[in-house]
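You will see subunit A twice below: alongside subunit B first, and alongside subunit C after that.
Right after this comes the complex of A and B.
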């Protein structure tokens, strides 16, 4: 396969801004209004969404900040320097396994939902393979190309969402937002983990930060990206509540699909949710491509001599096999939860270690100087 | 080398033509309407379902084709224990594959939902099946639902389409939207009461009339009775906004008013859960559209007189409906439960479980009407 070479492998701040929503907005977008509405009353879920968004922005800030202190260095390099080599190796491998599982999970989810709504007879194995092959095609090329594609997909998603919101407005009943803030604190706390999990994936910034031209400024971009996701999530959530109502949202498996379903007759098209599927599938495709790329990047960071194309091709069968493991809707959902918790836990552990060591070493250095 | 490359990749192109789920549009049998009745001599609790399948050729009228194609639909029916079972049985009678994604209307016989079945059980498949449309219009038929799918409207080719339009346009006249299958989820899950359009077959050529509403009790999902057209008017006046027509009797002479944009606000006066007291502030802005001779409408004091009559008429109509719902049916389709839940959640929490079932707080509710009438214009003529 011939690949186009770009001038350099560096990426801009704006790319960092786009990467955050690209990885965070994934299959969760189809289901999160349900998990929110299940435990909160009226439209109160926005509170936990906001907190989740703040946590995401904070994580993005801490990750990019620590990475910007070691400009141009890979995660493996600076973690080795801070936390010894075995720790760096172990955490890299854990992140690698996580990224591989994310690819498989997204694939399995896409296969499941397309099976539910689009293809009745096509075996999921075939959908999985076709999807993974397309992702592989994106990954074996130049890394910058994935980001370029990310811009396009981000714009497409944003435009499509605005259109969805506008066309669904006539069906909205704002009284459904009432009563305001009647959910008790316990329910909020019970719901909070789900909200925070909706925002997982920012850990990939650990690895992409070495590619930026201006690491200092990328910190701001990452935080803006996280804020953008929060706005997006809250808008979609409020729209689901206004159109479907709290009770229907809580009892519909894919509320966003049903939201698109309620948009009545646009021109000669009677039902337009299949058009929205295109948008959502490309968004998920982007997430999968980034996760795949990260798993390749981690390997090439640890073993600089490894051939990227070779690594990508050899990972494919593994990802394919894992994607076939969950056999039904519930197992896929469970896998999603496991991935969410692992991603958060791992990110927090690594972040804590890095900042702790930075604090100690930084103070030492200051002590030496004075 | 390059040729070898081509030889290898060219056959792969053939795979592009393969598709597991391809189904030609000609082979799809689009269902446009469904009628559900109880099965005959029904000891096994069977359901009888009729589906109206569109024949696309019949819909197109070519210019040189005189009377515009043949019949544009066919009705197939069968019986079975569940809707899905019947659907499979019907599939055996139909050469194409039944496609449910464009169902417009589901009519259910009142005999079915008065005693035997919960409406939610019958409608479940219409919400659970992935290809179903949330926009399906629901209607209850007086007697046989099947008969309605056999009517012969002159202007529209499909009876189901005719009835869908009938229901939608009548509801739109009153500034409302009929209940769709998607909206029902809320009522079914929360066990709230609701009403659906009630269709009656008549002996005229178009054969069907929208005759008020069928009222359902949320607790058990069964039909408790019907509201006549006049009672539906009363019900509409309690809604937040509405368009209505009222006829006033003035010294034996009739005068008709339209209320193009009426508005009603609900207030809670007594907050004691045992004895809740609601006030409906009704703001009617009437326009005189028809009057029998005998009155000088340009004179202001005559208008005052008429205003008072209009007010009394509105109160009478509303009170009749409220009494019927509160004292006879004891079901809350005035949506007071929504008002309480949204505006007074703390009171709602106390009465939630016994609202219009069990202890039935709703039947002890006091309602006062406070009607404010303005007559905007007397019309073009005196």
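Right after this comes the complex of A and C.
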């Protein structure tokens, strides 16, 4: 049967709003309360989380704004116009490599943690492969379908978080938050990079902005999305501190899991954290699917004739092999840090180049007019 | 040797095609022009359809006019009373003078049947006779009259067998297309209600009717359906589900992309909300489309109950479908991989009940599930009188003997039974039946990868649903992304004053996306 497309492949502002939390909230939510609590006193980590969120929102704003000046154009096209073709090609390829590594990293992380919490006997190689194959299935389908799914998973995560927070409330001891703002400036500064890294991934907006129907309005949506993530992060962090206290948060590998573990009020299941795990897996799945999709999108943007399915299938073995490289939890964490820094650095460099050139060319244009 | 058989077969095939050509050529030999002699015409007709037992030829002399004429019809598919009284009797007792064209006169003044048309093409006449009309030939005329006498025995309108409601209309469709269309027409008195007729099969010439409301349906959807219907090359349709299979978007999907119904009230309701319905002559079932995910959870009765009750029933059905899909998988994952997740007392009771069992949990549950499937299949095939035996045998074998013989643990029996009950909560049999296959897949994945496999299977289902389309409408449309006005008739069925806003997507999906 021939396939019909009435609804074109364009996406709405609301989808942009969904994309931001979908890519940003990933494996990091399990660990970030620990890294925060290690370096700050009491519940003071929210300060750096807020700054990190502001940086994320600003980045999202700058990316969507510059992209909205070139409505309907791909990253490769408008970067070529602004910064010459070789630069566009190089930055595209770097983003591509970054996306590929993100897919592998998330997969390795999922496999590692499932191996640890859900089943010890199954080899991680099998878990990796099963997970990647499902991601591939999502990527081979329609792009709009991934976003639709992202919306569903976002709701699922939100509901699960609300349930977690509500059920953990009786165990919360608000005195643990006190005293407020006792951390010195030096510690804040030392912690800030970690907080900022918790919010990485917004660079995918560079590529998805060409799909929006109303680029101008999408800018606002992206910022709202980033703000939503900030609220989510701060809530979960404050819950961790209130329930577990600063010291035990700092000394637990996965504070969020521990938080879920304290909730035993739900009678049917004894270990609710495994249930929370399942929802967390769907969230990570979403991030991985988006990163995979971006890597395919970059290739098809540079080479418009490339077949999407073919590209996706040929990327799979590469991603699988990279995901097998880190062998233990520390190596995976290290890979995560590298990815975080690369993403931020690359995004800032490209943004700086684009806005600089826009400033110069814009001024020139103004000069020509007058 | 092999080749010789092949060539033989080929030769036979050749002969058969020749034969077919032969039969066709009989029809081809029929001259389309009519003769002016009644007997010649009747003989041609007789020859063309092979002088069958049910063909009735009758010569009549018209009363005062004293002219020879003849009629032909197939008994059984015609209304014999009408032919006797309104045609033969009126013609024989005719006392009128005839002036002007005799055939015109007969048509206008003598034959007391509502539908009479003139024709001069023998091939078309044959088609009409085969359709149950009566043909009338007059001596010295090269034209014939086709008199609408189609009729014969039909099943009476009964309560729909497969979709019983406690409250709601008791009418169900029957096998006759005319009756079915009339049932819909009676519900919708709108001039823009359309019945578009198609013919399927070069020989069976079955009628297929596309029903929609012109002002309401999305023109893009209509265009697509018409395009797909025109591509049909079936020789004979036993049920409308064959049409569904031919025109559906994805034949690999376990989800139905059109829904079958035998309720006129449902067809009227859906057609008025921008869907189309497909009727086929000879079956009481009608196909409705396009379909989205939330539709497979809706029963017509939901609208006939007060909204809170209806909403609760819908939520119950959602839970039931989740149980039908995932419960055996969850049990396998829990027992094989994560016994620690269950409450301790439950783990002990499961362990106690499984003590001394010869098979693993997965083998046990597969055994019981397969037995249940077989029982179900056997119960459908058996004549109704013996059918009860299956119930007794199934109950004793599954419920009692398997447990006391130590083949299955009681908890497995509970899970199999619960799953079976849950899977039949679905308002549509086609949904229940396809979920069975999905359930087995999920059981296998859980046996290999535990809860992780279960969640991957869930993700695969979600990906599939978000990619699926029914006539271009995304299958997940009312579920993801959910918009406010679409919430009102989804998992909950909102107050009747709010429900009417629901179906905008079918009509205006295009406008919205622009």
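Here, the second predicted complex is superposed on the first by the 363 of 370 C-alpha atoms of A that agree within 3 Å, B and C clash if a C-alpha of one lies under 4 Å from a C-alpha of the other, contacts with A are read in each partner's own complex, and residues count from 1 in each chain.
Note that a residue touches a chain if its C-beta (ideal position, glycine included) is under 8 Å from a C-beta of that chain, and two chains touch if they have at least 3 such contacts.
Being a predicted model, the structure only gives us computed values, none of them experimental.
Novice: With the two complexes superposed on chain A, say which partner A:281 touches: subunit B (first), subunit C (second), both, or neither.
Specialist: second
Novice: Taking the superposition as given, does A:187 touch the first partner, subunit B, the second, subunit C, both, or neither?
Specialist: Neither: A:187 stays clear of subunit B and subunit C.
Novice: Tell me the contact category for A:178 with respect to subunit B and subunit C: first, second, both or neither.
Specialist: The first partner, subunit B, only.
Novice: Is A:119 touching the first partner subunit B, the second partner subunit C, both, or neither of them?
Specialist: Once the two structures are laid over each other on A, A:119 reaches both partners.
Novice: In the overlay, work out which of subunit B or subunit C sits against more residues of subunit A.
Specialist: Larger number of subunit A residues touched: C.
Novice: Just to be sure I follow: which residues of subunit A are touched by subunit B in one complex and then by subunit C in the other one?
Specialist: 118-119, 122, 126, 270-271
Novice: Subunit B touches which residues of subunit A in the complex?
Specialist: The contact residues of subunit A facing subunit B are 41-42, 116-123, 126, 175, 178-179, 182, 244-245, 247-248, 251-252, 258, 261-262, 264, 270-271.
Novice: If you look only at subunit C, which of its residues touch subunit A in the complex?
Specialist: 220, 224, 228, 247-251, 337-338, 340-344, 449-456, 458-460, 462-463, 466-467, 469, 471-472, 474, 476, 479-481, 509-510, 513
Novice: What part of subunit A is in contact with subunit C in the complex they form?
Specialist: Those residues of subunit A that touch subunit C are 1, 3-8, 10, 14-15, 114, 118-119, 122, 126-127, 130-131, 134, 137-138, 141-142, 144-146, 148-149, 151-152, 267-271, 274-275, 278, 281-282, 285.
Novice: Sort out for me which residues of subunit B touch subunit A in the complex.
Specialist: 19-21, 101-102, 130-131, 133-135, 182-183, 185-186, 189-190, 338, 341-343, 345
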